[in-house]
Structures are given as structure tokens and as C-alpha cells.
Amino acid sequence: MENIDLLYIVSTVLLIIGLRKLSSPATARKGNILAAYGMALAIVVTILSPIEGDHGNYLLIIAAIVLGSVIGLIFSKKVEMTAMPELVSLFNGFGGACAVCISIIEVYKFNASTSIGIAATTYLALFVGGIAFTGSLVAYGKLTGKVKDWRGAFASYFNLIWLIVCVGLIVYQIIFPAQNEWLPLVVLAISLVYGLTFVLPIGGADMPVVISLLNAFTGIAAALAGMVYDNMVMLLGGILVGSSGTILTVLMCEAMNRSLFSVIIGGFGSTATSAVADEEGVVKEASLVDTAIMMRYAQNVMVIPGYGMAVAQAQKICKDLDKSLSERGVNVHYAIHPVAGRMPGHMNVLLAEADVPYNKLIDLDDANEMFKDSDVSLVVGANDVVNPAAMDDPSSPIYGMPVLEILHSKNVIVLKRSMNKGYSGIENPLFFHDKTKMLFGDAKSSLELLNTEIKGMD
Amino acid sequence: MENIDLLYIVSTVLLIIGLRKLSSPATARKGNILAAYGMALAIVVTILSPIEGDHGNYLLIIAAIVLGSVIGLIFSKKVEMTAMPELVSLFNGFGGACAVCISIIEVYKFNASTSIGIAATTYLALFVGGIAFTGSLVAYGKLTGKVKDWRGAFASYFNLIWLIVCVGLIVYQIIFPAQNEWLPLVVLAISLVYGLTFVLPIGGADMPVVISLLNAFTGIAAALAGMVYDNMVMLLGGILVGSSGTILTVLMCEAMNRSLFSVIIGGFGSTATSAVADEEGVVKEASLVDTAIMMRYAQNVMVIPGYGMAVAQAQKICKDLDKSLSERGVNVHYAIHPVAGRMPGHMNVLLAEADVPYNKLIDLDDANEMFKDSDVSLVVGANDVVNPAAMDDPSSPIYGMPVLEILHSKNVIVLKRSMNKGYSGIENPLFFHDKTKMLFGDAKSSLELLNTEIKGMD
Amino acid sequence: MIIGLLKCTEESLVGLIPNVVSKLKKEGHDIVFEPGAGSSSDYTDQEYLSAGATSLERREILIKADVLITVSGLKADDLSVINDTSYVIGKFNSNVELVEKIKSNGIKAFSLDLLPRSTIAQSMDVLSSLASLSGYKSIITAADNFSGYFPMMTTSAGTIPPAKVLVLGAGVAGLQAIATARRLGAVVEAFDVRSSVKEEVQSLGAKFIEVEGSQEDVSAGGYAVKQSEEYIQKQKELIHVSAAKADVIVTTAAIPGRKAPLLIEDRTVTSMKKGSVIVDLAAATGGNCALTQNDKIVEVEGVTIIGDSRLYNKMGKQASLVYSNNVFSFLKFVFKEGLENIPYGHEIVSKTLLTTTKTEAVSA
Amino acid sequence: MIIGLLKCTEESLVGLIPNVVSKLKKEGHDIVFEPGAGSSSDYTDQEYLSAGATSLERREILIKADVLITVSGLKADDLSVINDTSYVIGKFNSNVELVEKIKSNGIKAFSLDLLPRSTIAQSMDVLSSLASLSGYKSIITAADNFSGYFPMMTTSAGTIPPAKVLVLGAGVAGLQAIATARRLGAVVEAFDVRSSVKEEVQSLGAKFIEVEGSQEDVSAGGYAVKQSEEYIQKQKELIHVSAAKADVIVTTAAIPGRKAPLLIEDRTVTSMKKGSVIVDLAAATGGNCALTQNDKIVEVEGVTIIGDSRLYNKMGKQASLVYSNNVFSFLKFVFKEGLENIPYGHEIVSKTLLTTTKTEAVSA
Amino acid sequence: MLEILAYLKANVLAINLIVITIYLGFEIISKVPAVLHTPLMSGSNAISGIVIIGAIILMRQSESNDYLSLTVGFVGIVLGTINVVGGHAVTNRMLEMFRKK
Amino acid sequence: MLEILAYLKANVLAINLIVITIYLGFEIISKVPAVLHTPLMSGSNAISGIVIIGAIILMRQSESNDYLSLTVGFVGIVLGTINVVGGHAVTNRMLEMFRKK
């Protein structure tokens, strides 16, 4: 038991390897599990290892752990797939709160022998933890729609002021280390408020980036606390999360085509809203990544080519995508509507050019049978031929025409450049349907991006 | 000056970033330069920083550094492109020798207060450095052809015995730390011999792997020496080289389709000789990587398709390769011999199927004009139509037939599955020509691999 | 209802193929057919009988059937026999005389070549179906008459460059011609007055020849309108240049109800290489080429000029199949609520029904 | 030397096209030609004159020329006129009578259809060049006679499956037919007795029908040999099954010097769909199909059977081009050291020279 | 200034460690595909719950009657555990879809 | 055994550092394209010349009359410098070809 804390090294390595594996789709699950083992090991070692001034309190500790585990598990089991980011945000807030808890207590333990280093570190942990705490809660609120965007004209000034005040206080405290009953509480209060004013002005669409950033904050707080306790695994685990979280934040910004700077300082990220409202309803934009994942992990994918595929000359890259998917065990077929394109057999010409085997081409009736089994219907530049108005809107000029009933499939992704109409010049309710997501852009480049994404997934 | 050794951290970081950048083609040069800066900084800091028991000796030190630099620079400037691996091997030997130098001196400085840890570490540095030293020299000898493969039946037993003896001696020395005049020398001798017997039985073709492994050894020796001197940059730099060198060795084995185990323990790696001798001469096998680099950095590439392309159905992937190269600024054309394939216009059918534009197809006469400007001629499953015997061997049954004179191009790469003959059943001297390298395998998969390699290059 | 299938002697097509007859039968209709109705398109009477149709004399069919199906064959004598209450389905519009007679006889005839070119009507659109066949066939026939290869060939007897194909008028037939020529490896250029066609042409991998300043009229429902003099001059010059380099020209340019535009003049033909081929699908309305003779193959200075607006007749079996499928869709649409409840208000009915006035039709 | 170009009335080919005449001219030869030599293949006398040739009466050419170039046209009367010292180049081997007469008259004639099928001879190989044209044309002609589309078409008038094409005998012509049919979008199956062809067929994206137990003879120089009874039976059965499903069959199976193997029996033809097409390129040697009539198009129960071994004649201009290029290569090879130093020892000469005995040839 | 330098020098090992670990964190993540952004964030969030170690130490060091410390520590552990356990569990659920079919 | 454990524990920071650095070394190299195997080996070989630092320290610590140490140290520095300087230079030459055209 004496030297059990050497096992911290093992724990640290597990965390590192876990994080590493988490960053590749093929190993991500394993990585998560490894990290969890690392964490469990660290907790066990912490409980068992000899420490200075030990008072036990094991019952309470175990009780707290059990309680926390139960709550955590319930939370995580109950949450909807779609609500996961919120939950992560909430969890992160708890992590920050934990950092706050310990540092506030430690601050009050300061005495004359406390080194400047330790003092500064503890205050920093308190401050950063506080921001992570309330910031995460605000992010949670925004994601669940409970908190609205708040755009006080002076938001960024406020933030600046909080920052200056707080740093000033900490420096003051360190230089004049006289015990100051109220000071830690003031710092805490400011950090909590800072968390609020930091996140409140940022648009809801940017929340994932913010959560990632706040996650890095929690990591930093943990690392700082690790310094305070001279605990290796806390230090290293915290640093790891801090640095990888920062990079991840940058990457996420890049993936959204925004700069981290504009997210944080600008604070007005909400221009990048992803929903276009229309008289008919709301159009949902698909993210490239989601679409790629969806297709990669689908059983059956049905491609519905239309005139847009011809215009974009996307047939070859479509075949490439087909190949990538097929190699990964996905069944890909093509539903060919009799009037797709601009001449009889237009799609046949294209797909023959791309060397798609004839037996992958499914005609209208068979396709309509098959849609119920397809996980993703990928509409490549088709419009009129997938217009459900032909089935259910007697006032539509194309009412009664047989169309591809792709709404029977589980998900619909539409690749086109805009909300423009097709040949017949009529609105297409498909695009406003719940199941449908639009991926705007030239079909060829969209398919290329999808293919790259899918290939990069293993 | 007091705290100048904090700069070691900067130096370490430079080494790390340098190594990191070295592992990606786009940044490799910069990485090398960064690492060199890191190294220079470390040397400067070492010279300037305060140490225990300082006696200066600066003149000597500087003189040695200048001397070494001059020699190193001369070596590196003079070497032929093709002889670089030898040189690296030689350099690595010098590094090992340096480790030997310092550790042998340090060993003789041991006294009663020397901790077991330090003693063990120093001996290990001596041992590992010794192996790296002579091992590298043997590898150098083999690469330059000065040392022949030696396959004593008991080679691996020998190695085992050396290992046991040496470890025994070191343990003995550590347990009975009485000063033993001869012991360090014995350990040194054994390590030197071990280096010889370790590398001697390994086949010449496996030398790159061995050099990489010995490089890792030098790194480990440096790290051990770093422990002895409690010097961070030595320790970390050495560890870095040790671990990355080990991984690199494994990767190199993988790329050669051999296991590290079979290289080291088997010792009989020479079965994978890369030269096939024949009555007509020697066939040189191209490495995938070299070919890919050559093509990637070529100005003009000429593809010469033949019947093998049809058999392999490699036309589409050939077009993909073309695309990858073109995107990287390489001009790709196709030289079509009138009788390539098995029916008139066979190549036209194939390339039209792959949608190669007509203006990329060059016919015999024009192609023969263009070869002098092409950096790489890539023969994809052609044989008779590129047989130079038609031009220069009056006894050949095809003497006088116009062929593609691809030997005018700077490099010739031939993709085929074996040394089998073509339709006309005659030997092809092209394959034995100096300029020619063979890439054996099905044309489709070879092209696929080349394409992947080229795409991975940026 | 009773559906009567008439034999058409003018074209080698039949209005309903046995397969479609069975489908109609399954929907509860009775089908009577004129013996030999399918003979010109390779369907035997036996096949009709096994599909469930009954053989009857033409006259009897004319009298008994509620709906008469033909292609373009309706004789003047027939008209007097046909019942007031029965409907006739065919494609008559190109036969002005016949249309006049139909109207004057008060026959309720649907002429499918008058269908609107709308999305909903496409499954009945015989013009599209047949034009597609003609477009395909135009290239096959051109290739058969052309004295060279279409694809490029690098052979030991010389490198043979790919054939150059020029397609004038890129409607349904033109596009199909482009696609077919491209499949065979030819280098294809195309031209059309409608600028929206440019994208369509390029989507098939062909080059579009652009002439600036064309007139368009959206109200023409996708059809071309007549062009200005200046434009026509520019166009002629450009076409002349391209045509002189072409090995094969396929012309399909048409303006409904008018003479076909003259796109290829004498001088253009004479400047072409010997062994070249022109296929003029607009021959019936005067031809896009000055030297075209309708339904004839002529050779002018080594250039073969094939004037045939109904090339699909060379693929009678296939043509009948698509035609019958179109008719089937039309029947389903028009008579979905029986003989009495025809949706007169719908474009598809109002545009195709040949009657003197609309009110008349509605009152009928 | 003086090269004489004769008019050939048997085929619409000419032995040298004006282009090649210029090339020969540049190499210092004099060319005399019979007026109208190129007329059947779209080359005018004017073009020959501008290429530098001189027009002469046939008789005079026969007398004056050192080397006479023709295709297959050499009349019995000509033989007596031709000089002892002059050479004749053409392709005569299919005309047994003529070959006999040439031999008996002691004429030194090279028959290019006897060339070895070796790599070096390929640039002179008229059989390859012409077979390639025939193979291409066989599909184009079949498509023109076939009553359906070749490619698959999903249209509003029904989904039309791709045409099924069966190619029997995958030599040069067969392979070209496969490639062309594939370009047009057909689904192609092929069969040949030589098993090495399997790889070649597959390299063109077609399916190879395998019959086990074929006999091969490497010494036959790439040509097929006669097969065992049992094998022929198995083969017939397999072909029957595939053929019955096929829309288009192209047969090219030949064994040099023998009657063409019978691959398609009556019952196979009658089991085929109406509107199908058979193109028999082996018609001249009896045909691969039992119902083939040489140089005729017949229709049997709705199946069109085209018997034509010289389809390349339908592409006279192109065929003349490749033929002349082959002749040019041959001339360059045989006469590279003048009229006197012909490399008699070389396969290319010894195999093509039509003389009674070899020794005679060498002594000549 | 000198003081700080001296402090740093005294902790040179720790600083090296921190620097290298920061670099390692960058390195590990720098090539992650966009697909994994969210699960990775979630997983890394769970790891940040390592701060719970501090709470446990805090508890162990608290006098049994220091109710403030005990309460705060208790709350800290509960919150930390939720972060750790819930975080890993929810990450695992997100990653379900990458399970081999 | 216990002794060793105690030794390890005393050096826990160093051990952590070593472990993490080893891992970093693996991580850095694990995705290198085959094209770079040789240049990378060469560059990493140059870095292994860091052992020269030891030789310099050795020299600085040698009495001016300890000719053995001085000689061996001198040789060590020369060899080490060749490794470092020559190594980087030759690596640079190898990498010339990756220069942008």
C-alpha cells in the first residue's frame, strides 16, 4: 500500500491512450473504456494511498461516489440521442463545480507558510473552475432552449472588467497574503458571473465550440488543483484535457468555418443559424459529418439521381462514394425515376458512363418497395421526381404522377445548390419534411466531401 | 547565465517539434532545421551553463566541435544521393561511439557513493552505445558492399551468450561495486563484439531496418547518459529518438512486409533480396515509395499501357493516378503503341472507358519525340511494344518493328506481375536496363498503392 | 369498356402490344383487335389472342369499341363508321388533312402528339418516347452509313481520329443522339436556339456551340420560336464552320406548326468530306438541310443525306412498346372514372382532344 | 521502282489511297494508277493526280509496273500480261481458283492474307485491320437492324433492359465487336475455343462462356484447330442456351483453310426472339449459323440473319486507308533494299509469296 | 524575476513534464476526423472529471467535525463522480454507432 | 524490491516524464508516410547525436591534466558533432526533393 501511488503512472498512461484512441473512429469506444479504467484506477489509488493528515472519512467518500455514479448513470441512460451535447455541457459544469469546491476550501486553509506559487495556483483553479461551472450551465440552458441569447451592447466590456478586477484581486491577495475572509468569496463570485457574461452573448449555434472550450477550462482547473495537491494524475490528466480540449475547440471552429476569435470575442455567432424559414416550413441543413456518419453506418443507402447530377457531372464521384460505402459493407442502389433528367434514359447514360452495374439500378416500382428498408435516401440533384405533392396534394399540377416515395426511408438527404425549383417549377414539400436534411452546394463537390469524410472514418 | 539551463526546455521542445515536422513531407525540411536549432541551442547552453566541477577546457571543446562540424559537412556534401543510407549508418556509429566514450570514462569515475541506479545506468549506456557503434559500422560495410553476409550456424546462440555474459557482469559489478579495473573494458569489448554478431547475419536488404533500430539504440544510450548527468535535454532527446526510432523500425518492417522479429532473431533476412539475376543481367525492383516520390515530383510522366492494363482492368485507377498527379502539377500523357493490347484500338477502348481525354493520347511517333522530356515512363502491363530489341538487336524476331523508345526518358518503371514474356514470347532487355526498375504485382493494385502513396504525400 | 385496336398501315407501329393488352384486360376492359395489327412490328395475332384480346374485322371494331386505339392510321372511310360516343386515340397532328376531317366529322379523337410537355404528361408523351428512339437510331444509322469508325483507334495501320458529330437541335431526339454518339466515342458538338439546352448538352459531355442573341419565349412551353434575321445569319455561319469539319450531322430542329428552320445550306454540304453523313429528322417538315428529301436517302458529292422524321419506324417493336405504354398511361388518366367522367378541364384532355371548339367538347 | 495501282471491282477498296501515294512518291517511287481506282471508296482520280501519281490504262500498268498493287481484284486475263519480273501485292487467298492460276502462271504474287500473325508482321496484317473494321461494323449493322435499344433505358414509357449480345469467336473481329457492343451499353457474352481468349474477352468487360475440354494447338500460330465431337456437342448446347436469350449474335468463328464451324443450328434461330439479329462474319466459308446465306440478308421467323464476311466493304474509305497503310509497311519491309534483295528467308516473305515450291521462289 | 527563474529551475522536471504533456495533448488530437468532435469532447470532458481526485483528498484530509469541508467535499465528489461516470457512459452511448455491424 | 519501489517513488516525476516522452515519440511517428522513412531515420539519427552534450560536460569536468578523459572526451565530441552536423546536413539534402517546385 505504501507505494501504491506509483500506479498513478499506469492510470495516467491509460488516460493518455484512452484519449488517443478516442480520436479515431475505429478505436473510439475502446478508448473511452480505457480512459474510464484509468479514472477508476486513479480513484482507487487515491482512496488507498497514504497521505498526510489523513482522517479517513471513507464512508462519506464512498457514499458520495456511489451517489454520484448513480445520478451520472441515470442521466446518461435517459438522455435522448439528440440531447447529448446538453448533457455533456451539464456534466462539464459539474466538473467545474467540483474544482470550485476543492479550491475554495483550500484557499481558506492558506497560512503564512503557503508559498506564493501554491496560493496563485489555488486562486487560479478557483477562478477557472468557476467560469467552467456557470459557463457550462449557461451553455446547457441555451442548448435546451431555456436561456435566450443575450446581447448587451457592452458584453465584451463587462467581460474585460470582470477579468481585470479578478486578476487584480488575486495579485493583491498574493502580494498581501493576509488572511482575508471575504476575498476568496469575491473571487468566486466574480468567476461565476464571468462564466455567465462570457457565454451569454454567444449564439446558440456556437455552443458546441463553447462547451469544448469550457471543457478545456475544467481540465486546466483540474491541473491547477493537481499542482496544489502535488498529484501527478490530476496534473497530467488535467493538462491533457486542457491542451487537447483547446485544439479540439480550434478544430471544431474550423469545421464550422468560423474562427475561435470570432466565436469568443465577437460573441455574436448566431448569424450562422442553420435553419431557413419559409412559408412552407423550416428547412434543416445537414452537416457533412452527420451525413457521412449516417451513410457509413447505414445498412442500405439509396441514391436518387436527377438532372442535377447531370449538370454537376457528378456521376463518377457518385460511383466512387458508392465504392467507398460498399467496401464498408453498405448496400448502395440507385433509384431511377423514368423522367429523371432531361431525356429518356438520361440517368442510364450517366451511370453507364460511371460504370455502375445495371443490377444496381432500381426502377420506380421496385424502388418504392425498397425505400422502407433504406436507412438513407441520398437525393443527388433530383427534385420533381421526388416531390411528394404528386401523391398527397390534389391541387398540385403533378398530382397523380408516380414519384419515388423516398419518405418511406429512414432519412433523406438532398444535395442541391439552392432552394430553386426543378423543371416543373413547383415547390417541393419534401425539402421541408421532418425526415429531410439539405446539403447545399454543387452535387459533385458535396459528394466529394462526403466521400473524403467517409474514407477518413477508419 | 545562472539559469541558462532553463533554455534546455526550449531546446527539447524544438527537438520534439522538429521530429514531428520531419514526419510529414510538407514540413519535413523545416522540421530538420528546427531540430538542428534545438541541437545548437542545447550545445550552447551546455557550454555556458554552470556545472559542478567545472574545468573549462573550452578551447579543446570548441576545437572538437569545429573539427567534427567540418568533417560532418564534408561527408554530407560529398555523398551521392544513392549512398545516403550508408552515411547515415556511419554517422549513427559515431553517435554510438560518443556514448561509449563518455560512459567508459564515467564508469571509471565510480566510487563508493555512486548509487546503484547511476552505476547500472552508466553500464547500460556503455553496453547499448557499444552495440550501436559496431553494429552501425557493420551495416555501413554491408551497404557499401565491403562486408559480406556471414551466416555462422550458431549466430543466434553466440548473441545469446554475449548478452547473458554481459548482463551477468553488469549485475555482478553492481552487487559488488568494488572497483574492478578490467570489468568496464570487458563489458565494452563484449558490447562491441555483440554489435558485430548482431548485425553480421542479417541480410543486406534488411539493413535500413537495422540502421533504424541501431539509431534507436543510440538514442537510448544518449538517454541513459542523460540520466547519468541528470541532463534533461539528453534524457528527453534520447528517449524521443529511442521510442520514435523503435516505431519507425516497426513501420519500415511493415512496409517491407517483414516482421521485426524475423529481421532480428531470424537473422536470415537475406532471402528478401531485391535483385533477381538472370542470364541477361540484373533486374532492379522499384520500391513503391521511391516510385511514388519520383512521379510526384516529376514534371512529365508518360504512361505506356499494354495488354496487362486490360487484363488487370486497371484503366480507371490509372486515370485516378493521372488525376492525383495532375492536381499536383505533373503533366501526364499516354503513349499508345499501335499494337498494344490484343485488338486494334484496344487501348483506346480502355482509356475511353476511363474517360481519358483524347488529347492525352499520344501516338507512336509523337511519343517517341516526347520521351526525352519525360521524367518517368510508367509501363503498365506492356511488354513487346516497349522492347528495345526491336531497335538494336538484329537477331530479334521483332527487329525493325517500331516500338516506344522509352529509354529516352529519365526513369522507367515497369508494372507487371512477373518476368513472364509478352505475346511474342521474347525476352525484353528493357527490364534489365540500368534506367529500369520493376514494380511487380497486378497492375491494378500497384497503381492503387502508388496512388495512395502519392495522395498521402501532402 | 371495350377497347378496339386498329391496324396501322402508315407506320410499322401498333397502338397496343400484347403485354399492355393483358394489363388492360386485368383492369377489366375488353379488347378487340384487327387481325395483323401487330404484324409490322413483330407481334403476332396469336400473341394478342393469348393476351386475352378477341379478333374482329376492322369495321366491326369501329362500330363496337368505346375507345379506338391506333397510331396514325385512320382512313377517311373509317370516320363515317365510328360511333358518336366512342373515342379515338392516336397521333394525328402531323396529318393536317386528317385532322380537318376528324373535326368536321365530329369525332372525339385524342391526338397524343398534342400533349403538353409538362411533367405530369410525360408518361403519355409519345413525342418524347418516339423522338428518343429516333435520336438513338439517327446515330446508329449514321454510323452504319458513315465510312469510318466513330471511336478513336490507334492501330498498326494508322491512328484513326474519333468521328466528329454535330447535332443541331437538342430536344429529346437531339439529346439522345448526343448521348449515343458519345457512347460510341465520337466527339460531339451541338447547337440549339434555346439557351437552357446548353446545360443539358454539357451534362452529356458534348460541346455547345453558342450563338449570341437568340429569342426565347417561355410561353411556348419549352418549344422554340422563330428567330431574328441577324441571329439566323450568325447561326448559319457558325453552323457552316462546324458542319464542314463534321463527319456526321444529325439535325432535329423543329418549331411546332411551322416549316423546319433551314440550318444547313447547299454550300455547307458540298464543303463536307466525302463519306460524311447527314441524318435529317426534320425532313417531314421540310428538313433542316437544304438538300434533304423526305423519306429518301440521297448522296450529294459523296455526302449521304438521310431524310427521315420517323426513324423510330425502323425499331417498330420497341417503338410500339413505348407507344403502347404511353397510351396505357393516357387511358388510365382520361378514363380513370369511366367513359362518362372525363376530366375535360385538365390540360391533358383539353390540349389533345380534336374538336372544333372547346365548348363543344365540354357539352359532348 | 514503278508501282502500279489497279482498280479492284470485287470490293469497294483501293490498294493505295492518295495519302499513301504521296508517301511513296516522297520515297522516290513512281506511281501509276488505273483511272477510277479509288472511286468505289470515295477517292477521286483528281486526288491521285495531285498526290503525284500518273493515270494509265490497266494494260499498260500491268506491263510497266515493277510492283502491282490491288486488293483482291486480279482477272484471269491480267495474268498473262504481267511481267515475269514484276511483283503483285494483294489478298488472294480466299479465292482458291485465282491462287491456282497465279501459281500456274508463275506470277510472283504476295498474298497479304497469308501473313504470319506475329508481332513484327502486325503493321502489314490486312486481316487484322479489316477484321477490326468488320467487327465494329457487325455491331453497328446489328444495331441498325435490331428493333430495340442497345443500352438500358429507364423511361416514362417503361424500363427497357439492355440488349444482350453474344459474340462467337473472339478473334480480332470478335473482340472489336465486343468492345463496340459494350460501348453502346449492351450486356455481352462471348465464346471461343481458344482458352487464352478468355482473359482477352474479360479485359473488355464481357462475360466468357466456358466450355470444358477444348483442343488447342500452339503450333497453329494462334489460330483455332478442329475440335472433338463431344466438345462440339457440349459447346452447341451451351451456345444454344445463350443464343436463345440473346438479342444480337455476332459470329466470327473461323478455322483457316476449313469450312467455318457450325455453331448456331436451326432450332437455335427459331428459339430466338422476334426482332433479333444475327450477323455472320464467317458467311464466306459456310457461315457459323445454319441459316446464313452468304452476302445476303435473310429473315427467318422474325430473326434477321446477315451473312457478310466482308462487312468492311461498307466502310470502303476507312478500309482502304488501313489496307494501304498495311501495304505501305509491307512494301517498306520487302523492298527496303530494292527489287533485287528481297528477304526471301524471312517468314513474312516466305509465307505470303504464292509460288508452287519454295525453292522456286528462292531461285527466282 | 530572479526568484521566479529560481522557482522554475527548481521545478525543471515538472515544467518539462507539463510542456511535454501539453504538446502530447495537441499531438493526439490534431488529426481527429470531424465525425468524432462531439464524442471526443464528451470523452475528454469525462477525463476532466479527474478533479474528483482532489475532492477525495480534501475529504480524507478533513477533520471529522469540519462540517464545512466535509459538506463541500461531499458535494465536490458527487459532482465530480457525475462528471466522470455520466461522461464516460454518455460517450459510450454516442459511440455505439461505431460498433462493428 | 521495496528499495526499487522507493527509488521509483522518489523519482516519480522523472518516471512520468520518461513514460510520457516515450509515448510522445511513438505518437509522433505512428502516422508517417513511407516516403519519409529514410529521411526521418536520418533526421532522428542526427537528434540522437544529443549524446554530444554528455561529451561536452565530460570535457568541462575533466582536469586539464587528465589526458585520458580529455582525449576520449575530445574524440567523443568530434564523433558526436559529426553525427549531429553531418546528420542534419544529409537529412536536408535528402529532403531537397520535397522543396516546392
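The first chain written gets the first letter, and so on, giving A, B, C, D, E and F; residue counts start at 1 in each chain.
The rule is short, and it goes like this: contacts are C-beta pairs under 8 Å (C-beta built on N, C-alpha and C of every residue); 3 or more make two chains touch, one makes a residue touch a chain.
Quantities reported herein were computed from a predicted structural model and do not represent experimental measurements.
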Mutual neighbours - chains that touch chain C and chain E alike: A, B
Steps in the shortest chain-to-chain touch route ending at chain E and beginning at chain D: 2
Chain whose mean Cα position lies farthest from chain A: D
Residue-number overlap at the chain C/chain D interface, same or different (half cut): same
Between A-E and B-E, the pair with more C-beta contacts: A-E
Centroid distance [mean C-alpha coordinates] between chain F and chain A, Å: 41
Cα-centroid distance, chain C relative to chain F, in whole angstrom: 82
Where chain E and chain F are represented by their mean Cα positions, the distance between them in whole Å: 32
Of all residues in chain A, the ones touching two or more other chains: 16, 20, 236, 338-339, 344-345, 349, 352-353
Overlap residues in chain D, where contacts from two or more other chains coincide: 122-123, 128-129, 132, 149, 151, 153, 155-158, 160, 183, 185
Numbers and ranges of chain F residues touching at least 2 other chains: 13, 16-17, 20-21, 23-24, 27-28, 31
In contact (per the touch rule at the top): chain pairs: A-B, A-C, A-D, A-E, A-F, B-C, B-D, B-E, B-F, C-D, E-F
Chain A-touching residues of chain E, taken from the complex the two chains share: 7, 17-18, 21-26, 28-64, 68-70, 72-99, 101
Residues of chain A touching chain F in the complex: 2-3, 5-6, 8-9, 12-13, 16-17, 20, 232, 236
Interface residues, chain C side, partner chain D - complex: 41-43, 122-123, 125, 128-129, 132-133, 136-137, 140-141, 143-144, 146-149, 151, 153, 155-158, 160, 180, 183-185, 274-275, 302, 314-318, 321-323, 325-326, 329
Complex interface listing, chain A residues touching chain B: 316, 353, 355
Contact set on chain B toward chain C in their complex: 336-340, 344-345, 347-349, 352, 358, 361, 363
